[in-house]
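Same chain, two partners: subunit A is paired with subunit B first, then with subunit C.
Coming up: the complex of A and B.
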């Protein structure tokens, strides 16, 4: 018997249990008597908890009231959201002057616009966009949020940031409408697209210089009112601390990880020591050190504002965790990749920046985003050392006379805010994973 | 295993008198283990050398020393007039002049085929992107897979990946090409497509050192076959003489095992 099957077998449909809703239900929820029983018990528990929460939080809740007394008069068994609503501005912006809140909103809108090109596939030069956000946005936002007189340095940075923002937006439009980078587009408009590379570069430099001059003179004509950092608070402060923390801890972590794997013994020992010391201390200790001990080591009269100290502490602390995450990613890259990079003549930084890091970071996205989420949640610790971040603001509601003792509702509201922020980060990380791994699938 | 490429007959070589690689009394240790012993080898421009030998005989280590992926401890290696040593600038220079193809391809999985090929020319040779793409496409044509340019390495078969790896090295316009068992990780049906590319490369007069067990291929292109065993060059001869009348006992034994 030589030939087992002469013709190809056609595909058949799978059995019912695999393909239908009914099949799925039977297989997963009602496969046996005990399983069926368990399903009903669980359904009952879900009904009790979700139903109860819904009744308390929505059906019996009070949304409009002037104080806690009125809430109770309205309903004894429901939530008193009126307190949260009354405090909403403080929860979001802290004690930032009401008339200046537009600055915070503008800062948020600018950031969103600045980052928008990163998600539009037609736009060119995404790497530069990313770099410009990290390098220039902080100065613009910093001035927007704190205001006051601009020193020369600040004037230059604000003007540069404005130029960077304008170039970025123009580049986005050029990408959207002509699928070209701004440089190519501008050269075409000016009729210089056939010129030599050197002429083209000079033309672009002149354009940027003109833009910078214009931005510089324009920004000289206005100043905005100064707002002391102690007035910053609420969700805004949480986002400032965690935003800077996220933006700086990743590059810091990368440098520390490279340092720890360096062939140079001094760099290696210093990096390792730094990482191990910060990792073996709780964040709250680092925060206390930064705000109470650190000024003692500084020369007399040297006052660094507390917010800056806190941010530095958060960045250093998280950079050390990030370093270990990145190092784990680096270790997963096989030696062959280094050799491949060496054979095409790449040096250390080329190998790391173009070959190794992109792969290592890609592997580590879930862990990196996990660290970011941890960082965001950890920033609530700053309320212990007297900053009124989101948590601090929520807790101070219960000390406000009209809302005395109102703990539950603000904290639940805070939990919902954190849930939204954290789960959208992890959602986005999963999206990134799928997008970036597209090329590896066969 | 004999490959079909032997049917092509010997590819004519154009050896000049210019010395590309010179190795004098070179020794290398891995810790206590003496991997390479008193290696002497001269490779002239356009010369094609095949190295064979049992596993662990040091043949891979030898060619890895030539582009400084491994450090040697004693003796001299002079590549294209430059003495290999601790000087990092020299190392980077050597690596751009010496292309290398590995058993495991070592393509960059996060980059497309085209990006794999243009990375070196753009970042190391400082060529413009347009120029780099043009060169890359030229070599992709040459290894007969231009249509794969926008795919990722993971989407290609082993044979295609290895051909990309060869093209990637060629994009750097190297003076010497080293092959470290380029077909050992491939399915039999893919070996031929890679060997064909290498035979084609040989016919352009490239200086090549190939570590391989493909004896048919060795007969086709080699000007000289070297047999290594236990870290030493045991026998060295023109391919016909090497295969027909091996002199050393160890060579005879080895050939009887693989042929």
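Coming up: the complex of A and C.
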């Protein structure tokens, strides 16, 4: 006697609650009397807030007007975006001469192109790409943004940056089309791929020297109008300060953290003292100290660029916070890792650079990015000491006579900008975490 | 012994060098500015009518014109100028440490500031005073009727102290509602959070014109404080102080003599009035004591116009102005019953 069913049971339809919108609604929003009530209350609140915001910000809003009075004439209860639109150049570029704005845009495009290979898996030599961005890009961008006469050092650095950029782009193309590094590719084209290592190296050096010579002669005739830093402002200034802050505070923080864990007493005491002093003072105090007190200690007539003072203050302040983040990461690495590294004969820097840091940094990504986001937002404090960063510019709109008193709309616009920047940073950090811990998901 | 003597000598030399350098730069702001090629003039964070940014990123306003006047007097070119925006907390330090050459921001000339902060005020270029704005339908027509009222005020300035003094002297029992930001203060007032709002009258007028329905509000007639706003320079350099002071006087005197930006060329060429001829450098040697070129006053008027023109442009009635009538106010010329008075140019 067989109890095995011979024919196939017909497929059953999925339960209503899983398959249809109505079912989902019923299960999640209207499952009981109290839930139904709650749903309606929440719907009403959403209607009130979103509806009100939409009416104020879009339906009743004025987008084209020459002054605030015209906005009022159009609607007394709507937003006046016209003021923000009139001020867009100020908001993004500050007081930068309007005919020179292309330089800022070009600087941004160059950075994006320079970094692009880091995200393309076919490109070889990513480490060198990253190093070249940090070492050379600042000089090229610095000259693009400030212009004027170049000293010899600046000429050399600008020419090197141009070469580095060109090499980087060629390397990206070589990687994309032939999956090779640029060096291998160039040697093959020149028919030297079978030559000895020494010849190969010489060929490459000659190529680079030729490129450098060409770049150097070209940049000698390349001068652009000088733009003094007081004209920098808006989102551009915010990005300059926070960009340099981010780029320098991480290495600075790593060094300080290593110093604090060092076995050498002087290094340890100095690092600890430095970290604790900066961490126990608010950023605004450090900024005031840097901009008003520091010049008093200098000989009279000696005026250090205020922007440089601010950037130094921001870097030092954030490096100290970063140091503690890094130290936390270092402490999470078990002792056996150090011992293992010593066993295979690595010295201090080898242990740190090859074994400890790669593991520790991976764990610290959420905290590091958190600090970066904090840094980006903290830079708005510089508006208090008279720099016209993004926030400073947004607040100035309400003081411009045609737009007097217009302060809500600019601040909302600024909030949106900051949201975009910060959330894309945190989104990217989550992507990095997933990518780096692909081996062991938790 | 020998080494020690050498070291002492070097140290002494260094001290001498340092002090003489300090003295030299402290005494000769004019030379420093000329060598640098531009004037560093300090304003504050934007304040309507006096110094603010337009949508193209240029500074404009009454105090900015003062900076431009001094730049024009020195260089004959009002664009040889760097406007520095410095926070209220750091304003006097920045002047003292040499970061700014002069200060042209709505700073009230008071005894303490003049005598204790190492700076000298030159001469007022705007007479302000604190007042009140109320809703028209409240029926209040005098500040003395504000008994027990809630008054919105920005914190951390003399405004708050003046209000307390006024309340105490007149036994009004006013309660102050304080704010950091004037936009928030005004918003609170507009939404009924207080009965009146108080600040300098110039700002009251400017803010009022930006409200949805300005006709619903009035500024009360009382002025409860004296606020003579004046440019200031570092103490101890009399020539520099004279340059800034007489640049302001040149603006006022030009108005009195009827010299305007438009007719200054004609006046210089054709006027027979000895007062005009002296001031514009056609005859006499008024420039010598200042260390400037003969046409310094001409350059000022050519660059920014006379005081009346500047006032109309930024305070009075232009598209960039905050609409405070000048007629009958303290800021009218002395010939019209105001306080704007320049000593004679002779």
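Just so we're on the same page, the second predicted complex is superposed on the first by the 401 of 442 C-alpha atoms of A that agree within 3 Å, B and C clash if a C-alpha of one lies under 4 Å from a C-alpha of the other, contacts with A are read in each partner's own complex, and residues count from 1 in each chain.
What we mean here is this: a residue touches a chain if its C-beta (ideal position, glycine included) is under 8 Å from a C-beta of that chain, and two chains touch if they have at least 3 such contacts.
Please read all numbers here as calculations on a predicted model, not as lab measurements.
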Touched partner set for A:61, first subunit B, second subunit C, both or neither: neither
Contacts of A:174 with subunit B and subunit C, given as first, second, both or neither: neither
Which superposed partner A:283 touches (first subunit B, second subunit C, both, neither): neither
First (subunit B), second (subunit C), both or neither touched by A:391: neither
Touched partner set for A:337, first subunit B, second subunit C, both or neither: first
Subunit B versus subunit C, judged by how many residues of subunit A each one touches: C
Residues on subunit B engaged by subunit A in the complex (per definition of touch): 67, 69, 92, 95-96, 98-100, 102, 104, 106-110, 112, 119-120, 123-125, 128, 152, 154-155, 168-169, 172
Residues on subunit A engaged by subunit C in the complex (per definition of touch): 68, 72, 76, 86-87, 89-90, 94-96, 98, 228, 230-231, 233, 288, 291-292, 295-296, 299-301, 303, 384-386, 388, 392-393, 395-396, 398-402, 404-407
Residues of subunit A defined as touching subunit B within the complex: 197, 336-337, 339-347, 350, 354-355, 358-359, 362, 436, 439-442
Of subunit C, residues touching subunit A in the complex: 18, 21-22, 25-26, 32, 45-49, 52-58, 82-87, 89-90, 93-94, 97-99, 181, 183, 186, 206-207, 209-213, 319-322
